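Here come two complexes built around chain A, the first alongside chain B, the second alongside chain C.
After this line comes the complex of A and B, so read on.
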């Protein structure tokens, strides 16, 4: 029964990893930018939630209607003012710019909020749980995080596949130059994608801060897990990101059941194994491969 | 089209003194040409002569270092591609460049994002290209080369162009398929569209067009009505023969 419990808990944990990772995946898929500050932006979301919920005296969930639009605007602004400019200067510039942003955010948070670990007020949800069977107890908070991840991924999938905005995003991700040539205004597309990426990161940050604690340095670790989830799932595949996150979570909890000391190491080894055996990730389908072949055809 | 009192003979597109660079490499040297309204202009020249660069400059993808592009009486030299499309300039890029992760229909819909007022609705496009109507739900890269080229043209038509720029649409296609595509172009012309066609096949270019511009190493080597030049003259201009 312990093992079943470990797998269930691992899957729920994986939902959190997927939630933080989907923005990273989206931004990379569309703008070809690996945002090294993604984890720090999630932590910023957690701090913003802390400030808002303390000032307003409400559980952090109540502040989401303020927090998420603010995060969206911040993401769009970062894209227009910073990332967009960096992207015009080759592949190295965005790496340096987002790395610099990451260092800046961590140090500014250190100054503004000290390095004390903080937690968010999640209200009654924080401690509520229910039993499936005698040995398996599921936290409502973990379940909410998992279901939120699924909901966010579903919404993104529908937006991308059914709307005119989604068509523009996919066309831009396929071929930036041709997207411009057929009249797509790329800057608003990029800005909205970055806004959504940062908003989902902030939402993930709120869950991280409610489930555990966070401090100014927490972003780096968050980024590593998110990055691994994206790579395991296959870059550009949203559902792959969920599977990647779940694979990480299950590995972490199941190995932790054997020996807690090896739990995180096992996660990184899984990442290395996938990278070695299937460098494209688990969900780079034959379709994606066919697309690559199609682009390779001359003429 | 000339409702605001411009002389009826005024060209639809006028280009003068265009210099275009890729970094340090200069691709076009003082290129001037004019495209009469309602006609078809063939743009010929050897590989690397600057044909694609010239089309991209007209479409707004390549900013010129100097010179101007005037369309329908307005200076559009600095206008971004989406503004030009809204004015009625659409391009079928070299190599088709369909979006591989989009379906045929989505590719066509994307062509309409900045559409001009005369945009073609989907039904009209499918009427004109019955072979791609059947494949509207398939991803573009699963189609044959000819079908893909038809989708690329349909994507441009979705923008409702008055000036359609076509870059090497016959490349890699079977002669019968090319015949079909040129039949479609003739239909577009009789519907009032102005065409600029980049074509490797000189005979086909001279058959399909009434005006011809030959580029040689980034410069205009010959510009004349097709009726006024012989094939040998064009070939001489094409290879730069008889130059000092």
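After this line comes the complex of A and C, so read on.
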């Protein structure tokens, strides 16, 4: 029964990883940018939630209608001011710029908020739980995080496949120059995609902060987990990202059941194993896998 | 095969001379030799107070030159080089524990880091760009966790470097100083000599466009592997030196991502893919650290901000800008064609560097 419980808890945890990862996956799929500050932006979202909920004196969920638009605007602004420019400077510049941004964010948060770990006020939801059977208790908060991840992924899937905006995004992702030729204005497309990516990151940050604690340096590990979920699931596949997140979460909790010290190591090793055996991930398109592989190197 | 063909084609124009070396370069090499010799006698002349800051500077120079070999020349933006700092530091501890002289152990630490980098490269070099960058972060995290989980190397609390009890403090500091100077000089000179070979041209081709490089016959995989392993070995030596300076090896400090941040900053601000740039960047970081380190986190905010600004505004860094203005190439890695202006019958002995002087 313990193991069944561990697998269920792991799947729920995986939902959180998928929620962080989907923005990373989207930004890479469309703009070919691996945002190394993605984890730090999620942590920024958590801090913004902390400020808003303590100023307004309400649980953090109530602040989401303020927080998510703010994160969207911040993401769009970053794209216009920073990432867009970096993309014009060749393939290495975005990597360098987003890493520099990550260093800046972590240390600005350190200055503004000290390195004390913080948690968010999740209201009554934080401690609520229900029993499936005698041995298995599911936290409503974890379940909400998982269902939110599924909802966000479904919304993105529908937006991308059914709307005219989604058609523009897919066209741009497939072939930037041709998309321009047929009259798509690429910059607004990029700005909205970056806005959505950062808004989902901020939403994930709110869940991270409500379920556990966060500090200014938490962004790098958040990024690593998100990235691992993307690669395990397969580049460019949104549902693959959910599977990747669940694989990470289940590994972490099941190994943690045996020995807590090895839980994170096991997650990293799973990632490296997938990279060795199936570099393209579990669900992937050939084109996306080719983008990621070291070009010019066979295999 | 590739390069000589280009220059043989130029030979029939007897008036055109292709050269790499210049008088400026000779003069600068002489200056370098004098500066290194002067630095080598610092422990005798000034002693302790000058040694500590210079050791920091030399460490920066070595780290920057090695990261430049990876990211600047070969296009491999690894942010996980702190893995090899840590591996070098732990390797020094292990060999010193087995009775090897810690100063001789620096070389073994470098070899250990290079050996470890071989299987790592098989994994991370499958990826490119940002994916390669994050994969190297994962690798660094894995090594840090492994060190934390190994009681034989002290686990989370860390270990003191053994084998140094026999040295008086003054001698130990002087030996550390010389070892750091030697590693810094070897890194700069090693990278310079390496990129002057065919490897340098191949690496820059791979860095700017791997597909084009592969299609013109460059063995992309081999070039990446050589750059990665060489940089890992050198960075391992730097890690061993850091262990010798602090006398203590502790996982969170030797695997700190701060080292990777510094490497990125120095190379970007100094000037990528030049030999002089990383040294300039190291000097800038050193001065920033001396003046701003009291401000703690703000110091790193500035470091990150300048790295972003350098990438977007001045992508060739300080040296790219200054060197261009002055027409200097102190340690040239490319070739220059000297010859007559179109139509001029008699070639004046001018170089592209100073076209107005005849």
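Rule of thumb we're sticking to: the second predicted complex is superposed on the first by the 284 of 299 C-alpha atoms of A that agree within 3 Å, B and C clash if a C-alpha of one lies under 4 Å from a C-alpha of the other, contacts with A are read in each partner's own complex, and residues count from 1 in each chain.
Following the convention adopted for this analysis, a residue touches a chain if its C-beta (ideal position, glycine included) is under 8 Å from a C-beta of that chain, and two chains touch if they have at least 3 such contacts.
This one's a predicted model, so the numbers in the text were calculated from it and none came from an experiment.
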item	value
Comparison of chain B and chain C by chain A residues contacted	C
Touched partner set for A:185, first chain B, second chain C, both or neither	first
Contacts of A:174 with chain B and chain C, given as first, second, both or neither	first
Touching partner for A:164 - first (chain B), second (chain C), both, neither	first
Set of chain A residues, in rising order, touched by both chain B and chain C	294-295, 298-299
Of chain A, residues touching chain C in the complex	28, 33-36, 82, 85-86, 89, 91-104, 106-108, 110-111, 220-221, 223-224, 227-228, 231, 261-262, 264-265, 268-269, 271-272, 275-276, 279, 292-299
Complex interface listing, chain C residues touching chain A	71, 75, 77, 79, 122-123, 125-135, 137-139, 141-142, 145-146, 148-149, 206, 210-211, 213-214, 220-221, 224, 257, 261, 264, 268, 296-298, 300-301, 303-305, 307-308, 311-312, 315
Complex contacts: residues of chain B adjacent to chain A	56, 59, 61, 80-82, 85-86, 90-91, 93, 95-97, 99-102, 106-107, 109-111, 113-115, 139, 141-142, 145, 155-156, 159, 168, 171-172
Chain A residues within the chain B interface of the complex	164, 167-168, 170-171, 173-175, 177-185, 287, 290-291, 294-295, 298-299
